[in-house]
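Shared between the two complexes below is subunit A, which has subunit B as its partner in the first and subunit C in the second.
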Partner chain A sequence: MATGAALQVNNMNVSYGESRVLFDASLTFPASAVSVIVGRNGAGKTTLLKAIAGFLKPGSGSVVLGGDEITGLRPYQVVRKGLKYIPQDKEVFSDLTVRENLELASYAMKDHDWSKVLRYFPKLQQLMHRKGAYLSGGERQMLMMGRAILGKTHVLLVDEPTEGLAPSIVQDLVAAFKQLASHCTLVLVEQNLAVARELADQLYLMKEGKVVAHLADRAGIESLAFEKDL
Partner chain B sequence: MSVPELAGTVVIGLAMSAIFFMLSVGLSLSYGLMRIVSLDQFLYYSVGAYMTYVVTSQAGNFWLGLLTGVIASCTLALTVEKSLYRRIYEKGVMFSMITSYGVLLVGIGAIKYIWGLVPRPVMTPIVGHVSLLGTTLPVYRFVVIGLAVVLYIGLRLFLERTIVGKAIRAGIEDVDKTEGLGIDVYRIFTLVFLLTAGLSALAGGIHAPLIMVDPHMGLKIIATAFMIVIIGGLGSIKGTVVSSLLIGQVMAFGFTIWAPAAEMAPFVIMLLVFLIRPTGLYGSQYLRR
Partner chain C sequence: MMRLLKTYGTILLVFAGVGVLRLALPGAFLIHVTIFSIYTMAFSFLMGRLGLVSFGQPAYMGIAAYGTGLYLHYFGTNPLLGMMVGIIAGVAFAGVIGGLFVRLSSSYFTLANLALCAIGFFVFQRALVHITRGDTGLWYLGRMERWPLLNFRDPDHFLTFALIVAAGIWIVVKGLDRSVFGAACLAVKANERKLQFLGYNTYRIKWLGFVMANSIAAVAGTLYAVYFGFVSPAIMDVLRAPEVVVVGLLGGVGSLYGPLIGTFVYIAMQDLVSAIFVYWELVVGTMLVLVMMAGERGIASLLESAPRLLRMRARHDRSSAG
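Here is the complex of A and B:
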């Protein structure tokens, strides 16, 4: 993709029934940059990602992917346009093996070349025949990311990838994100501020359904502290 | 109970199980994947039986009748799926129950209008008998059992070996995550709906020579079919097989021992299963929503 915004969210409002949880959220994600969204539990980060990916219908607002308006598309159409969303819950299909999980993504995206997946996540190679139910949290996160990078991938939205993982696995993931960043635009929701600081080219801070700060300079990102800012 | 009587009862029970299986497995898959209770399947069951009746009596070919029934039912089911279900998939089980019950009633009305209220006999396609343990049994019952076995194996292979089958299994676990991979889940829904309708029609056509076809045949079998789905565990094929076998035998032995028991016993079994396993025999812990 050319320079400029890979993904743009304009004045997004989202409600669950009567209760409104996202207020006029506007965010810009530059191509080939790592953007990190931080904020306390309940700030609306997951809601924002789900609405971008088409799993929630925004009351108003628009989503533009590389110049194409994708608001209101069904989730599978959004995926086929190259915007992938990796949910927070770290659940893969428990009754399907790692291989079958990858096969489904290959089938959907018509990309049967797994070399890229195994380059980023070599550990998956040994787990091909294991069922999803028997994978660790870190392995499931790697499988979800592996599935997501098959086929056209312009933007990867990842919701709290390091949550609940051991520090060594977190380091593996951070390394993988650094490599991935040169191939696609990354949007991470991250509560682990050390990880956020290490990866972020720019950072959005959300509070009670609103975007309250945007830090695009190193100094600003480095100075972010949990107690003070979140 | 003498040995010949026992053998005869077991075989009759197995043939009933075979038909119950064909009728229930699709219902179970449809609920597992789309979270619908598709009562219109019992219309496709009836249409399958009536088409078999028409073609058998007009053209003298039962198997051609069976095929006609499957094609007619799938065509009807495709129309219903595209025009009605597409609008209600996201609305919850109650919507699909009421809507599909409406479709079933309209269909039964049409059947009454075309063929009248009188039950119609369908000629058994295979008239031979075989001797088994001192009793003679119609070959057709064995053919019915064999067909169900073939269908079961075919279905298992389809779900385990093909990519679409894997997508169905994934969807039964989590539809949103399946769509999140880029799979158009509504296409998979349509396919499973048609598969279910085809199986219902097949069950109706195959059942026809063993009973008589009548406009209410679909209504009469609803409770048994759903009981089997529930006992087996929603969304589980293995569960449907086991509970079909169980209920077939219970009903067959009920009829031989004391007729009223045949109607009552399956419900007792259902309650017993629920006391032990509220999710049914093979109900998945992964099934949500």
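Here is the complex of A and C:
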């Protein structure tokens, strides 16, 4: 394992029945860095995150979190190891209020100190009594991230966090991600290249289930262009 | 103390109200309503709070009833001890079966429970006939001990006892609804995967919820066993499986008072209306369809929304007049 790697994926293969969707994916995510995975729809980005988080069983390969192999663990066991996954659907428990949503996460993670949640997402304070069903997409994303950072959080996997959000909300989220990077290792799947370029310390490019490029220098990341590279 | 009364006082008042109805209605009717509403609460908990639809509820109730019946027929004469034995049997059975069944997806869960009910009927009617005496059943009414303050053969004593038990169950369920476990159960129903994202072992939550729900069914089973002083395989007849589903839906699953309201309406149709109208099932069926079309959450939700609708109507009338 590379020195300083918070999370490492080795030669991972994933299939849906007979259809193979991830081919020998190997990625290394350094601690306290923002790693962004980009690629067109169907490139296998979400499948990769789900397999890392334990929601899909890889056919072969391994996932190593901070030196511990977590391949094959159940999703709740992966979460308890400190690896959290935020899916792209931006769905929270709609019948529960923001407070209740946070309480549910607090109880699972045995962390009832919400100060860091409110430091990164101060807007949640004024939404405490609002039900999940009445939150905007950006507010739901903030709540999901707030819930995820409760308890032990070494690595946060976030799938398409800015999809469908207004530009002003996207900027708020980018600012929050920059702050969160000091708290944990961030792995984002992102189609918005401007956001990817602004946040990424390193960037993986996926195409048709394969990792086709790894950009770890600023110049390479800045030069990434959607039509040409994806 | 005041806070507890404020939270749970309504439950005590509702069940005291059922007791007061004894002045106007037959004891047997009210006892039937009370026990069946406990049985329906078990179904309502499963479907309304965990999203699990079970067509096997007679099995969970029947196992507990047989636990009580076998104890009182062969071993002891203390009905309270018999109830304890029945509840332990029911909880243990639900624990083992739940461990297997809650892994199943929704339709398979429903069908597996239905199959369980058929198996239970066969086992108690035929396979264990030398112990259960098959369709003849176990009779022990005369063997049960009677105490001056609690005589289960006195309908008023039994009704009082059953109402206290029911109120206790409703208080426990309301307490669960207000707890993190209650929220986790609802979250499993809403989206199990989302709860896993938060680090919950959803299998354990479903298993625990399943055991709790069927412990309530077990209490209903033991009450029936003690009330009738008799138990036969008919209690877990597969043909009775849809009955609790209909009653649960009629009253409103997931609502606190839905099981009581649904049972009251259903038993009233069965016991009282059937005397003047033979096709009472037709009325229940039509009512169920109408209630589901009106709100999908049963009579309880219609009653809950009625005052709000009346207030809105009054406000509309006032503004029109002004």
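We take it that the second predicted complex is superposed on the first by the 227 of 230 C-alpha atoms of A that agree within 3 Å, B and C clash if a C-alpha of one lies under 4 Å from a C-alpha of the other, contacts with A are read in each partner's own complex, and residues count from 1 in each chain.
The rule we apply is simple: a contact is a pair of C-beta atoms (placed from the backbone, for glycine too) under 8 Å apart; a residue touches a chain by one contact, two chains touch by 3 or more.
No experiment lies behind these values; they were computed from the predicted model shown.
Peer 1: Put the two structures on top of each other at subunit A: do subunit B and subunit C fit, or clash?
Peer 2: Overlaying the two structures gives a clash between subunit B and subunit C.
Peer 1: One more residue to check, A:Glu100. First (subunit B), second (subunit C), both or neither?
Peer 2: both
Peer 1: For A:Gly61 in the superposed arrangement: first (subunit B), second (subunit C), both or neither?
Peer 2: neither
Peer 1: Give me the intersection of subunit A's contacts with subunit B and its contacts with subunit C, in residue numbers.
Peer 2: 55, 74-76, 79-80, 84-85, 87, 91-96, 100, 103-105, 107-109, 147, 151
Peer 1: Quick check on the complex: what are the subunit A residues that touch subunit B?
Peer 2: 53, 55, 74-76, 79-80, 84-85, 87, 91-96, 100, 103-105, 107-109, 147, 151
Peer 1: Give every residue of subunit B touching subunit A within the complex, in rising order.
Peer 2: 163, 166-167, 169-170, 173-174, 176-185, 286
Peer 1: Which residues of subunit A touch subunit C in the complex?
Peer 2: Result: residues 55, 74-76, 79-80, 84-87, 91-96, 100, 103-105, 107-109, 147-148, 151 of subunit A touch subunit C.
Peer 1: So in the complex, which bits of subunit C are touching subunit A?
Peer 2: Touching subunit A from subunit C are residues 180, 183-184, 186-187, 190-191, 193-202.
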